[in-house]
């Protein structure tokens, strides 16, 4: 097996210098997710302004893949329109479920295409998706707490 | 496999004309036994007088082996001394557990030696022992109900 | 002879080494598949390949063997889900056998009794009713009996007609507004009856009861689609469908599994654990505490592949024809009474019978001397026996590898039975 | 090199086909036997012979295959009983895994709550106490936690010292007169600690509590004699002792099994059944509802034969020496912290560790790239992790087929880990 494919420079870089880490105020939705097989955890907050993700902040313990993935996600969705962020979520999830069959669209996923190799390692896909799952959940909670958005 | 060895003439004869069948009074101990794998049943009563088995009476549903075995047992223990009956019980049980290695002592077990072949058929040993188990249990109950015998 | 059958029975038989076995000097005629089926080499080989190449514990490690084992196990789940038309693999819970699957359901109600916040569908108490039938295997009777004893609910049942069919006329009367769950056998293991399900499921819906099937004798033999059946849960078992012992299946609707409290607890079914408190994983993991039957799941998947390749409609057609032949031929035996439907309509290739004046134990013994393996006894269906006034029956059951010739041998040997004991 | 070992490890390795496996271009070094052991050909062959020659359901039929299957299954029970020094085979209950065995015990207490006539030893309520330790696998924690929640009893536990040993000084304080059952791990699966038992069993006797062992990690690795241990019950699992998945064991004293209410109900565990009422068979049948893991019992018996032939004292000696080597070598790795006892005394050949600044997932991945299979995560022992302030560890565990060379490869690969993530 090819370790370099999994641990790409980009991933190691995000792992060592995570972007946007730390929990910040204000936020409307917060989610705590655990990977039950390894005990890795993330707490993630979403702050929505109008139809924009105004901030995504997080605190996590985990392996290089899960930490780098949260950092890459931060870059992709922070400041994005809610709909665009959800589209990225869908695209990244699809990439992770591709079992090594997809390379990912660098145009849209930017640094996140570095995770294409992870999709070959079923045991690590959960790591890569942990932060995204927290984002999805926190967003649902945020929308539920903002009047007029629940029907979105 | 040799059917004749299992279904000896003696066994078929006891099966077709069971000795001592039917439930009778008086009795001091009664036992109801079921073979849980096939549903066969026996109700058996013991009447003890002094140190003698004055009567063993029974009602049963079952296969040729279990019915013949009860009939043979009746002949062996009815009218016997309690201790002798218990000795026969031990001897017959040992024969049944011999896995075809013993022929049985005809002097002591009489017709019951015909069951030696049954000991090769583990699934049928339970059938052969059902009546004896009922006797053992009924005797315990009988002794418990007779003052002065519980310490025997 | 086997004109109606789309199965190439000779080719199938070649896949089952045990069918070459001799009992004494007689070739084996295995007519006891309702108790457990034989396993084709494909199943044994799949398990062996797994053991010799990929064996590892699942869901727990990042190493290659662990990943391969997890994929094999989850792949088996997906295969089983597709086989029964389940909307999602997450609705398939692996257990050790049908019996555990049904107990798991019954304990969901029992454990809900301890939990004030439990889903109301699982709340059971005095005045509530649970419905089964009189033709259940003990596995689908005693768990509900115990549940009712413990919660104070009442157990009711649908009776059996003299012809060996469910007494469906009483369905509306037995299943009342107080009923919370109906669990009934799809194909009865003693009688061979294939029960129509729609009338009972419709009535269960009407009164808002959950409804499930003991599908232990149906999934191996007839096409089963849980979505079409419109039930809430089914239970079945690997060893009766060409698979290994040690694995069973509970399928239940996702929202039901989500609402059910856990049953067995331990590793691999948790989210977080402290000494004081545990939170649980989502289904199916929630119900699979501990190391599951991993190699057995691999074997079951191979069994499903085998059945899929033959086509369950073809298996069904073969057995229908076979049941017809068996019934016809058995009716020719002097003093033989069939217990259960006497026509091959709405019935499986499992036929129970008695022979006047001869105990089933003795029948079975004589047949065994001829190499013919049938089952004798109460077949874990004592209430059915009681209904027909017998203590035990002899039961011959066919599967995809059985031939007319084996029935001919059975019928001939039954002729001898009366000679010995007549 | 392996001077202290009486095992011919090379000959043993030849019995395990999977050990020839390559991961990428690297030979497999399997250091994850604490999760599940590999199986020798002897086990696989025994199961295959059974399946291809004698497969049938047990206890239910008079035919030859049924008799052979029953003898094989009951023979396995007798073999397992002898292996653990049980006074009688009837004290051995086959389950699906350790987890079910422990749940069976816990449910005995829970089901007794519904039965006014239940044996007082199983009556549990507010004020009563259940004692475990802080180093339990979830399998021996959550069932008792749930039991306490449901009955109102209190769960207490014996803590862990910094050295990874049970804090035995607190035993008398934790186990009080209110304690009804103590269940503790014999060999801890994360820490590798081999717990001394006499102090706890003595105290349990003093206060009249039942006492049991989670022997999942001891029976495969050290000589275990239940009579010598003087406990009331133990649980262990087939797949960790060279046997198949899908089978576990509960051993309990005969009078305890007799007093316990049934757990799973269904076929083969009854005396009589009517629609209204059931009476139960004696143990062990009472606790083995449904078709048991028959072929798996045959496999487990072959595994016991294999271990018996090597001699458990020799297995223990091999692993003790191996543990010493592993500890010595691991201590040389920069930034590596051992979690658990650091000396090979009172410990098994299972060693957990952390590496500064590198997450165990990443450690495991890098090792896998070198063909080395270790387990990473919380090892179903989250409270132990919490006790040592870590979320997860990397765990290498040895068994009778492991060599020093595999440890050398492990240590070398660990050197690379810090290069990638340093």
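Here the chain labels run A, B, C and D in written order, and each chain numbers its own residues starting at 1.
One rule holds for everything that comes next: a contact is a pair of C-beta atoms (placed from the backbone, for glycine too) under 8 Å apart; a residue touches a chain by one contact, two chains touch by 3 or more.
What you see is a predicted model; the values in this text were computed from it and never measured.
Asker: Which neighbours does chain B have in common with chain C?
Answerer: Output, common partners of chain B and chain C: D.
Asker: Based on mean C-alpha positions, I'd like to know which chain lies farthest from chain C.
Answerer: Result for max centroid distance from chain C is chain A.
Asker: Just the number, please: Cα centre separation of chain C and chain D in whole Å.
Answerer: Distance between chain centres, rounded to whole Å: 31 Å.
Asker: Which whole number of Å gives the spacing of the CA centres of chain A and chain D?
Answerer: Chain centroid spacing, chain A to chain D, equals 38 Å.
Asker: How far is the middle of chain A from the middle of chain B, if each middle is the mean of its Cα atoms, in Å?
Answerer: So the centre of chain A lies 76 Å away from the centre of chain B.
Asker: Please work out the Cα centroid separation of chain A and chain C, and write it as a whole number of Å.
Answerer: Centres of chain A and chain C (C-alpha means) sit 44 Å apart.
Asker: Considering chain D alone, which of its residues make contact with at least two other chains?
Answerer: 23, 60-62, 64, 66, 268, 270, 272, 361, 365, 368, 376-377, 382
Asker: Residues of chain B that contact two or more other chains, please.
Answerer: Each of 1, 37, 121, 124 in chain B touches at least two other chains.
Asker: Spell out the part of chain A that touches chain D in their complex, as residue ranges.
Answerer: 1-3, 6-7, 12, 15, 37-41, 61-66, 121, 124, 127
Asker: Within the complex, which stretch of chain D touches chain B?
Answerer: For chain D paired with chain B, touching residues are 59-62, 64, 66-67, 70-71, 268, 270-272, 281, 285.
Asker: Which of the residues in chain B end up touching chain D in this complex?
Answerer: These residues of chain B touch chain D: 1, 34, 36-37, 121-124.
Asker: Spell out the residues on chain C that touch chain B in their complex, using ranges where they run on.
Answerer: Interface residues on the chain C side: 23-24, 359-362, 365-366, 368-369, 376-378, 382, 385, 391-392, 420-421.
Asker: Tell me, which parts of chain C touch chain D in their complex?
Answerer: 17-18, 21, 23, 28, 30, 32, 35-36, 38-39, 44, 48, 51-57, 60-66, 96-100, 102-103, 111, 114, 134, 137-143, 145-146, 149-150, 155, 157, 237, 239, 244-248, 262, 264-268, 270, 272-278, 289-296, 361, 364-365, 367-368, 372-377, 379-380, 382-383, 386
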